[in-house]
Amino acid sequence: VIEPEIKNHIETDPFAKQLGIELIDLEQGYARCAMLLRADMLNFHGIGHGGAVFALADYAFSAACNSYGQTAVALNVSISFIEPVQAGIRLVGEAREESLGSRVGLYRLRVTDDRGKTVALAQATAYRKNQWFYPPASQATPEQGSNLG
Amino acid sequence: VIEPEIKNHIETDPFAKQLGIELIDLEQGYARCAMLLRADMLNFHGIGHGGAVFALADYAFSAACNSYGQTAVALNVSISFIEPVQAGIRLVGEAREESLGSRVGLYRLRVTDDRGKTVALAQATAYRKNQWFYPPASQATPEQGSNLG
Amino acid sequence: VIEPEIKNHIETDPFAKQLGIELIDLEQGYARCAMLLRADMLNFHGIGHGGAVFALADYAFSAACNSYGQTAVALNVSISFIEPVQAGIRLVGEAREESLGSRVGLYRLRVTDDRGKTVALAQATAYRKNQWFYPPASQATPEQGSNLG
Amino acid sequence: VIEPEIKNHIETDPFAKQLGIELIDLEQGYARCAMLLRADMLNFHGIGHGGAVFALADYAFSAACNSYGQTAVALNVSISFIEPVQAGIRLVGEAREESLGSRVGLYRLRVTDDRGKTVALAQATAYRKNQWFYPPASQATPEQGSNLG
């Protein structure tokens, strides 16, 4: 149900490319992606850097909230780190829409390791601009709550 | 007042090196660092990736909360993104201790651009482990609140 | 599986009583409670006050994280408000454990209205003290991760 | 510089009244208020309930973000609890604007006790609706960034 143009645009992300993040699944309001935690993504304690774990979660988030073709930007992300991760682990980041209004969307993010253990959890708010990188005329838009005027 | 061994240890951070982050200032409970926003740190909208901005703030945070030589790890970071940033901008990340207990420390993080404009603000909680990467006998430890038992 | 002494202790909460909050369900790491949104819980816009909605979520959270008899206190709660609520609505607050270590527990909170619509979502971190309001010898303690030293 | 009508409207808040919260100071983008922590605002551990502390911070926040006469609602509040408080303490809650756009404002909240010690810190995001409870024609509006389209 996702137009290829939307997925292609999301996959042009330079920082995600630099980190080797792969977009595995993209649906309206949902995204899943994966990243191998490389040695250059560790912190000075020798475990996965919070910034690398965040980048994976954040990319899943931006893929999910931009999945309608309407330009959405992050307002806030609150992330909790649960388990340290070692280099060589393949991490999976997932973003799931919890609510969608005309202006604001709320997402839950989860990063898991290769045994399915939760590494980090986050709650994230997106702001949807009056701007479309893939014009709405050419696609179906979902029904949206009018919780904000 | 910071032992060189502590600063050196913090500067070994592989992810910070990869991103070109420089530690400018380190005091007990405070850190400031800088990062040039490179073209490979943009997102698919062509502006600075939230993950790159977060990484800068997070590195300042981990430098500040590990500045006593006691191993501290991030429990939670809540970040708000205020202004988009363009490639080529030199960003400054700052972390300032708001409270310090024997187990938990709270920090405020700020990322600014080269004109001093705030790009992102965050509030972050660190957990201090029973573990020192630079032993406490060899340094003065600050007085700590006993707000948690 | 919850000792009555633990549930009784949690139900002595003066603020929850003042707000008419009722503890409906309590399990290890999980709690559900309900509150009628009264006219004295509105804000100056005439809708449910964020503080009242938060209090319901927070009480569910503290019930869940104290459900083992070990004294736990809130470190951080990040709450997102999704839908406004009117006076006269019966709200349900739910807290679910996402992870539990010897020192730190992470919880997801949700407040819903009487049609099951989500009003607010939160992510919350608890710190577990070396203190038990209901001694551990008399009960089974769950296996706990040792993610923090 | 605040129109009396705006202050009066903010002071009609039923939940703030119920909790005895007093609005001490209100400027554009800034508010300070006070609350005596009563015995019916404690939790089951016998210390100040997170919900009561939050309510004070949240009221200061809503006063600050509604200080222009434009209807603003809370999107997200991330609060960290630092010190427990006892009954009988007079708490002060303060909200300070960190950034203001046409749609979104960011605020830092602080609750202190009567000795000036920080009890809680928060970061809060407000959404500004296309709606004014005190019409803009009759007052000066501040210059606003156009960071979101």
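By written order: A, B, C and D. Residues from 1 in each chain.
By definition in this document, contacts are C-beta pairs under 8 Å (C-beta built on N, C-alpha and C of every residue); 3 or more make two chains touch, one makes a residue touch a chain.
Please read these numbers as outputs of a predicted model, since none were measured by experiment.
For chain B, the chain whose average C-alpha position is most distant is C. With B-C and A-B as the two chain pairs, more C-beta contacts join A-B.
Measuring from the averaged C-alpha position of chain B to that of chain D gives a distance of 28 Å. Here the CA centre of chain B is 31 Å from the CA centre of chain C.
Rounded to a whole number, the gap between the C-alpha centres of chain A and chain B is 23 angstrom.
For chain B, residues that reach two or more other chains under the stated contact definition are 71, 73, 75-76, 78, 80, 84, 125. Listing the residues of chain A that touch chain D in their complex gives 71, 73, 75-76, 78, 103-104, 125, 127, 129-131, 148-149. By the touch rule above, chain C contacts chain D in their complex via residues 9-19, 39-45, 49-52, 54-56, 58-59, 62, 66, 71, 73-81, 84, 133. In the complex of the two chains, the chain B residues touching chain D come out as 78, 80, 82-84, 98-99, 106, 108, 118, 121-123, 125, 145, 147.
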